[in-house]
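Chains here go by letter, A, B and C, matching the order in which they are written, and residues are numbered from 1 within each.
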C-alpha cells in the first residue's frame, strides 16, 4: 500500500518550524509542522510506501530509531488523509 | 415593456457598454448585482473582448464578480468529486440539476452563473440510500423544526438540505423536478432515460430536459427574486442548444408533452422571447400554444413582466409588489392542492411573526462578520 | 475639487433627500440617500473634508439610510439600503449613523474582490503602512484612533486593501468607530477629537465615530508600501510589550480574519505570501495608550 498526493501544494516557509500549506484542490489553507511538510514534499516526487518514506526521511531527520520515526510518519499520514491532502492506493 | 432597463440591453449587446455614460453604467452594475447577473455580464464582456475598452473603475467590478463565479466553479469541481464518491458507495450516479449542471457541462449558460447550492437528483426508490451514503461522507442533514421536516418528507420533491460538514456547501437532494402535490405529475423515471455524461461519472439531464426543467422551476417555484436570471438561463440555452443537437427544436414540445410540462415550457418560451428576443421558431411556438394558455396571457403578462426586471425602484413597473405577491401565491397554488396551500402559507406567515422577523438576516449578525 | 463642507446644511439635506450626494472615499465613489437628521449631521461632522464626486461620475456603491413608509415612521425605525434594496432588518432610528457606517463597510467586504481584503486597521507614518489585524475586541480601533490623533495617517480602520502581487496598501480612509469604554478613553486621550452621532444599544453596545482624516494626505489615492504587521491587544493583566511573532501563524490568523482570502483561491495564497515575506510581524500588548502610541512611533522609526 502506498501513499500519494492528488496535486502539488503551495508552501509559505519562514523557517519557523511550521509552514503554511495551500491545497489547490480544496482551496483550504493549513498550518503544518515542518515534518508534515517534509513528508508531503517527498510524496510530490511520486507515490511511496510508509517504509520508503521512512528510508528517505531518516537521514534528513537524524532519527535514532527507525521504529519511532515510522510511528510518527504513520500518525502524520493519517492526519493528512483526514485533511484530504493524501490518499492511499 | 414600457420602461427599458439597461442591464437587458447590455446583456444582449455588450458592445454598447463602453459608450454608455457613467451614471448609466453605475445603474447596470447595480442592476447586475441585484439580479445576480453581474458575473454573467462580465463573462459576456470578456468573451467579446470588450474588457480593455472599459474604464478601470467599471472593470474591477466585473473582475470581482467573475472571481466569485470562478471560485464557485473551482469548489464545485471539488464537491462533485466528494458527491461522486459518496453516491458510488451506494451504487448511484451523480446527476446534477440547474446551475451546477450548466457549469460542470461547460455550457455557455454556465458562464458567470452563480450558484447558492448544488442540486442533484436520484430515483425516488433510491433516495433514502442516497441520503445515508451522503451522510456518511460528510454531507449532514440539517436540523429543521418538526413542522418543516414533516412538510418536506410528505409534500416536497426534495429532502431537507444537506450541508457539507467541512466545507459548508449546501446540497439539495431531489427525486423529482416538481413536488408530488403539483397538478402535473411528472414521471421522473423518464428523465433518467436520457441522461448525458458530461464528465467521467458526472451526469446532467438531456439538453431538452434541462430547458424544460429550467422553465418548470421558474414558473412553479415562486423564486422570482431570481426571475430575470432564470430567464437569462433559458435564453442562453435556447440560443446554444439547437447548435449542439440537430433535432433540439423538433423534439422539445413533444418531450414537454410527454413529461406533462408543456405549460411551463410555453411560458418559458413566451417570456424569454418577450424579454430577451430569443429566437424561437414560429412552428415551435404554435406547437406549444393552446387556447386556454392564450386566454390567460393578459393576466400572466401583467404578473411576469414585472417579475422579470431588476428590483430597483427605477426599474420597477407600477404594481410590482402586488404582482410578486400574486406570483408567490400562484406558484404555491401550482405546487400544492388548495387544502394544503392554505395551512402552509398561514403557518409560514405565523412562524415568521412568532420569530419576530421576516426572512431577512439580522443586520446585527451580518454587517461586520468577516467572510472566510 | 469641491468638498462636502462647502455645501450648506440645507443643501446637504436636499442632496441627501434626493439621493444626489456622492463622495470619493478612497478608491470608490459612494452615493448617499437619507431623510434622517442624524445622517445629515453625522456626514457634516465626519465627512466635511471628503471630496465631492460629480453627477457624471461612475458610482461604486449606492447606499441609503432611510425611514420609509408609515409603519417605520410610527415605530421610529429605519433601514439600510444597498443598490436600493434592503438586505437587513430595520433598526431603531437612533442607531442610523452606526448602521450607515457598518453598511458602507459591508459594501466593500462583500464586493471589491480586486484586492486581498484583510480585516484590519491600517495606519501610516513616513509614507509606510502598518497593518493591524482586528481580532474582535482586541482594541485595534482604539489604538487606530489614538494614532490618528497623534499625527498618524489612517488608511482604514476596517479594511486593509492589498492589490495581488504587491505589498502595497490602498488607502480607504473613513471615520474610526469606537465602542463603549473606548469612547471615554479616547475623549480623555484627546479632548479635541471630533465625534459624530452616538448610537446606543446596538449589538455592540454604544458606538460613536471620530473624524480620522486629520493629515494633509488623508485623501490621496496612491497606495503606500506595507512595512509591518502588528497585532494589538489591550490587556490590564499582562505586562505591556512589543515582541516579534511568527510569520506563519500571523499568516493564518490574518487569512482567517480576511474577507476574501479564501474566495481568491490560489491567488489569495500568493497575495498573502507576497505580503508576509516582506513584513515583520509583532504582538503589541498594551494598557496605556500613550505608551502604545510612543512604542508604535519608535517601531515606525526603526522599520527599514
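Points to keep in mind about this one:
By our rule, a residue touches a chain if its C-beta (ideal position, glycine included) is under 8 Å from a C-beta of that chain, and two chains touch if they have at least 3 such contacts.
As the structure is a computational prediction, the values presented were derived from the model and not from experiment.
A count of C-beta contacts for the chain pairs B-C and A-B puts B-C on top. Placing every chain at the mean of its C-alpha atoms, the farthest one from chain C is found to be A.
Taking each chain's centre as the average of its CA atoms, chain A and chain C sit 41 Å apart.
Chain geometry summary: the mean Cα position of chain B and that of chain C are 37 Å apart. The distance from the centre of chain A to the centre of chain B, with each centre set as the mean of the Cα atoms, comes to 42 Å. Among the residues of chain C, those touching two or more other chains are numbered 255, 261-262, 265. For chain A, residues touching at least two other chains, in rising order: 27. Residue numbers of chain B whose C-beta contacts span two or more other chains: 71, 74.
On the chain A side of its complex with chain B, the touching residues are 25-27. Within the complex formed with chain A, the chain B residues making contact are 71, 74-75, 77-78, 167.
Within the complex, the chain B residues that touch chain C are 21-23, 25-26, 29-31, 33-34, 55, 57-58, 60-61, 63-64, 67-68, 70-71, 74, 311-314, 357-358, 360-368, 370-372.
Residues 29, 31, 55-60, 62, 80, 83-89, 91, 99, 102-103, 105-106, 109-114, 119, 158, 202-203, 255-265 of chain C are the ones touching chain B in the complex. In the complex of the two chains, the chain A residues touching chain C come out as 10, 12-14, 16, 18-20, 22, 24, 27, 29, 31.
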